[in-house]
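Right after this note come the structures.
Shared between the two complexes below is chain A, which pairs with chain B and chain C, respectively.
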Partner chain A sequence: MTTQTKQRRKQALLHRTGSYGKGLLFMLPWLIGFCAFVVIPIGWSIFMSFNKVKIVPGGFKYEWLGLQNFRDAFLKDNNFPVDLITYFQEMLLMVPIIVIFALMISLMLNQRFPGRFIYRALFFLPVIFATGQVLSELFVQGAGEVPFIQQYNLETIVDQYVGPELAKTVMNVLEKVILILWYSGVQILIFIAGFQTISPTIYEAVRIDGASPWDSFWKITLPASIPFISLNVLYTIIDLFTFPQNPILKYIKENMIKVDTGYGYASAMAWIYFGFIFILIAVVLWLFERTMRTRRGRS
Partner chain B sequence: MLLSRLRRITFFDFALVLGFTALAAFMSLPIIFILNHAFKPTNELFLFPPRFFVQNPTFSNFEQLFLHATNATVPFSRYVFNSVVVVTMTLVSVIVVSTMAAYVLAKYRFHFKQIILSMITLSLMFAPETVGIPRYLIISGIHLNNTYLGHVLPALASPIAVFMLVGFISQIPNELLEAAKIDGASHVGIFARIVLPLSVPAIATISIFTFQGVWGDVETSTLFMQDETMRTLAFYVNSLLSGLQNSVAAQNVAAAAGLLMFIPNLIIFLLFQRKVLETMIHSGIK
Partner chain C sequence: MNPATILEKVKVQILGLLWNRKSQKVKMIVLGRNLSDGLLAKLIIYALLSIVAYLYLQPLLYMVSTMLKNSVDLNDPTVKWIPRVVTWENMTKALKGMQYPEAIKNTALIALACSAFQVIICAMTGYALARLNVPFKGLITGLVILTFLIPPQVIIIPLYVIYSKLHLLNTIYVFLIPAVFGQGLKAGLFILIFRQFFRAQPISLEEAAKLDGASTARLFFGIMLPLARSACLVVFLFSFIWYWNMYYEPSVFLAKGFTPLSIRLDNLENVLNPSLLGNTHFITDPVTEATKMAAAFMIILPPIVVFMFLQRWFVTGIERTGIVE
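Let's look at the complex of A and B:
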């Protein structure tokens, strides 16, 4: 009896390690690639950010600097902190605009009207093209700009109404109107998918109780789509900050090949940049968590 | 019949469609621009203020592009051939490797699974441009410079592909896999006969994303390929573009090359778009 159970247990263990092993075997090709081209390079760049990397014949020479690179980025560099702050200001304005725009468009696309499938596809289309080559080509040729900004001399108007401190940021956002439209494809889709999870019987019930469509939007649609709003905010942040055309990444790339700063310094800047993004994401997550909890507490 | 249907369209519907048509037209402006730009003769390219639509369309830009390339040391067709080879190899291997990884991540328990999942999410946030040099060191360390593998391998471990596929595959009901197991299917059998066919929509999506990425990628050509004959079309077009942002000489060549880079994206998208919309709605959220 006891030997039998022992044997059975042993077999179960063997079976489990076997299936675990098979699972890992399926993972293996991907895992090797992921380690070699994602994990190790990222780890290496952490190491490099603490060093002065010099290019000598036949390879690299590392000189341990500790936190010196990080200190230099804030104290010695004239461009980096300024660029970083302006870019973050701009993004803090862009993210809500993109998400709200996507919310409005998806609300309308969620209505029943003839040919809505075609319109959904149309709004998703730019996402496909908004990658790499095509986009940079468009920007080189100036198709990303909106001509009416110069035509109507909007700059002075903005200057008057918003004040000179914020005017530059607002202008930058205005110049990117097309980009905002282009960047909302995925967000619109996520919202539309989210609206499908709200059951239509609720809308019917409140309509019978005498709520207008306006009320039912504020009382039902919006609260139910809070998780999707948070998902979209996160998606937009990540999308915008890893956008290869952005000035910070460009500046970091420039510094990689400069002789006096080099790769170590560039990595340090990259890590500062990612640190800021992580903080931003953490704040957003915390805020949404809190609103969700108070909602749940109330209901 | 038609009349009654027409009557049912309210004023609100009409306004909605009108508004959306306007917005959609506004959004497709850059695409129309790039299409027209490629066919403009030189005198129209420099018109001020610039015009959207081409007046006298010509093919001379494309002729010049091919001539320009034949004068260079490496013929144009070589770049095209390289691009096609690299894209096909990458697509096939990314699909196989990522689906395999996503399948076990979604359906099996094994060691380090949680760590792997959280690493995937973290690495989504990381811009690959910033790790170019370590990647170069690894590539040259395993002697992959100037080979096709050097193009393919860095794109192989794509976190985005696995991220999307995990969301999709975990929705395949477990009962289906169990039934197959009882009927005597092996792990490989389950994967090839059930998981692969069922996740075709998701695979269509990641193939579009991968295609976009690889087709437009210049990083592997710039960093890992020192031999000009191993570089891709994207690199060639980029080198054409980068030198002449302010110059007059080859603007027409650049316009034609821009369209040439853009057309395959459009074709792939049109082929797969319905599937993409399906996956975007399924993955990641529910």
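Let's look at the complex of A and C:
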């Protein structure tokens, strides 16, 4: 090897590390923060979930339990599995409601008509206060109910059609349906922004070919918005995950301060919950990935 | 043939044509060339949107109407939406109960300072992930998404212990330090937004700047960050709103003294009725409910005002950032 190539290689290496260095420098704050505020707490929390944690003056006392906490959550605890299943049922109902509602509203808001800026602002408004304490306050007061639930005695109808087991879930969702719909502000924005990426010339072309607006919605708008639908489904799941009225999080928080269960058990439950959500997200991602692939394969 | 019948025929024909044209025109106006052009479609859209908007905003209207009722109207079930006498009593009570000026100062300080840092740090991280050479880029991007997915409840106690060891509890640093290190509220989402934005920009701009001898830092702060104005605005506003409304984290970290509005709304019950302290099974009485509604209204008022001014840029900003691509 000549010295020249050696030198060149050295220079290339230097250049590469230099450019890595710049990238790392830009990432540095995040990397430090990630280690300090994510890795350490997560590791700690996982460690605690395998222990019985007792608070003693000056810190914690750990008692190794292995998987006992996780086993207890399913076998000993009477509330946790029930809450988990109920909330997942509710969630499976709420996610389609939110996404379909957002899709319909954004389709309407995407039309050109005078005053649409006002309407757009109106539908975005809940994003401002749909997080946090104000929402909980409204929930407590039952302000989220739709007036016609009681007027038309919807409860018996729901009972008849879906059976008494699911009726409770459906009614639970219906009772707070407006506040659930408040969670669609961001989704509407994503849809509207997504519609802008579909080129108007396609619509023109199919109109000339004689397609009705109905056809062009099913054949163009909907297939083109599948990525945005998947994005919105994911966003909604993540958003509902930390929903203020979420019974599981409330239960976990209660157990944190209880003496006989403590933080170890609470973090075990939190990790189980996280695991379930993670599976749900993975399933959604896989489904959308598959539809996208078949679509691409066909075209 | 009789000239009269011919005239009659011609008349009918002309009338028919006229009618036809008119009908065409009417049809055009009512139905339109596209689905959305016609008058009918517009009316339907207006009607639907208005109904949904009414249902949507009903809780808000309920809040405002309850807030303005006096104690007589509150206990009278016949008074539903419009109070007989408009009273500001609930408002003044809420102002006093929350110590509004101090609380709003705290909340605004947290929201503004943390959001400003979030914008800069998330933009830097997003830019590095979009354009710079970073080892294990795919893995790091996955970790960024992970930070967005992990619920705060899972890691809150370890964080509490860390902050208390560092003597940071009940100060603004509990939120400011994570924000400076890119771990603020929903920072993962913001990093992804910036990453998407920078990836959508043409690379020729950076190449030109590099040829002119600009350093990476100069390139980023001088060209790319100003270019990302719309993304910055979107991130700043979202971050501001979420910091403004956050409840869970301050309820753990900021228990006393330096508390934001959301915590004080939660404590309002105890402040107003100290005799009922700790009595959780007590039925909410409508008068304190009205005060709470007034308090809730005053919490969301400042962000609504901010949003009204920035709404236009905000919505177009979201469309332009290419978050969705």
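The rule we apply is simple: the second predicted complex is superposed on the first by the 273 of 299 C-alpha atoms of A that agree within 3 Å, B and C clash if a C-alpha of one lies under 4 Å from a C-alpha of the other, contacts with A are read in each partner's own complex, and residues count from 1 in each chain.
The rule we apply is simple: a residue touches a chain if its C-beta (ideal position, glycine included) is under 8 Å from a C-beta of that chain, and two chains touch if they have at least 3 such contacts.
These numbers were taken from a predicted model, which means no experiment stands behind them.
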{"item": "Overlay on chain A: chain C relative to chain B, clash or fit", "value": "clash"}
{"item": "Chain B versus chain C as contact partner of A:Arg207, first or second or both or neither", "value": "second"}
{"item": "First (chain B), second (chain C), both or neither touched by A:Arg8", "value": "neither"}
{"item": "First, second, both or neither for A:Arg293, with chain B first and chain C second", "value": "neither"}
{"item": "Which superposed partner A:Leu249 touches (first chain B, second chain C, both, neither)", "value": "both"}
{"item": "Common interface residues of chain A - those touching chain B in one complex and chain C in the other", "value": "19-20, 22-24, 26-27, 29-30, 32-34, 36-38, 40-42, 44-45, 48, 60, 105, 108-109, 111, 113, 119-126, 128-129, 131-134, 136-138, 140-141, 143-144, 178, 181-182, 189-190, 192-194, 196-197, 228, 231, 238, 241-242, 244, 249, 252-253, 256, 263, 267, 270, 274, 277-278, 281"}
{"item": "For the chain B and chain A complex, residues of the former touching the latter", "value": "9, 13, 16-17, 19-20, 23-24, 26-31, 33-34, 37, 49-50, 97-98, 100-101, 103-105, 108-111, 113, 116, 119, 123-127, 129-135, 137-138, 153-154, 156-157, 159, 162, 187, 191, 208, 212-213, 215-218, 234, 237-238, 241, 245, 254-255, 258, 261-262, 265-266, 269, 273, 276-277, 280-281, 284-286"}
{"item": "Interfacial residue positions of chain A with respect to chain C in the complex", "value": "16, 19-20, 22-24, 26-27, 29-30, 32-34, 36-38, 40-42, 44-45, 48, 60, 105, 108-109, 111-113, 117, 119-129, 131-134, 136-138, 140-141, 143-144, 146, 178-179, 181-182, 189-190, 192-194, 196-197, 207, 213, 227-228, 231, 238, 241-242, 244, 249, 252-253, 256, 263, 267, 270-271, 273-274, 277-278, 281"}
{"item": "Contact set on chain C toward chain A in their complex", "value": "34-36, 41-42, 45-46, 48-49, 52-53, 55-60, 62-63, 121, 124-125, 127-129, 132-135, 140, 143-144, 147-155, 157-159, 161-162, 178, 180-183, 191, 216, 220, 241-242, 245-248, 262-263, 265-266, 284, 289, 292-293, 296, 299-300, 303-304, 307-308, 311-312, 315, 318-319, 321, 323-325"}
{"item": "Chain B contact footprint on chain A (complex, rising order)", "value": "19-24, 26-27, 29-42, 44-45, 48, 60, 105, 108-109, 111, 113-115, 119-126, 128-129, 131-134, 136-138, 140-144, 147, 178, 181-182, 186, 189-190, 192-194, 196-197, 228, 231, 238, 241-242, 244, 249, 252-253, 256, 263, 266-267, 270, 274, 277-278, 281"}
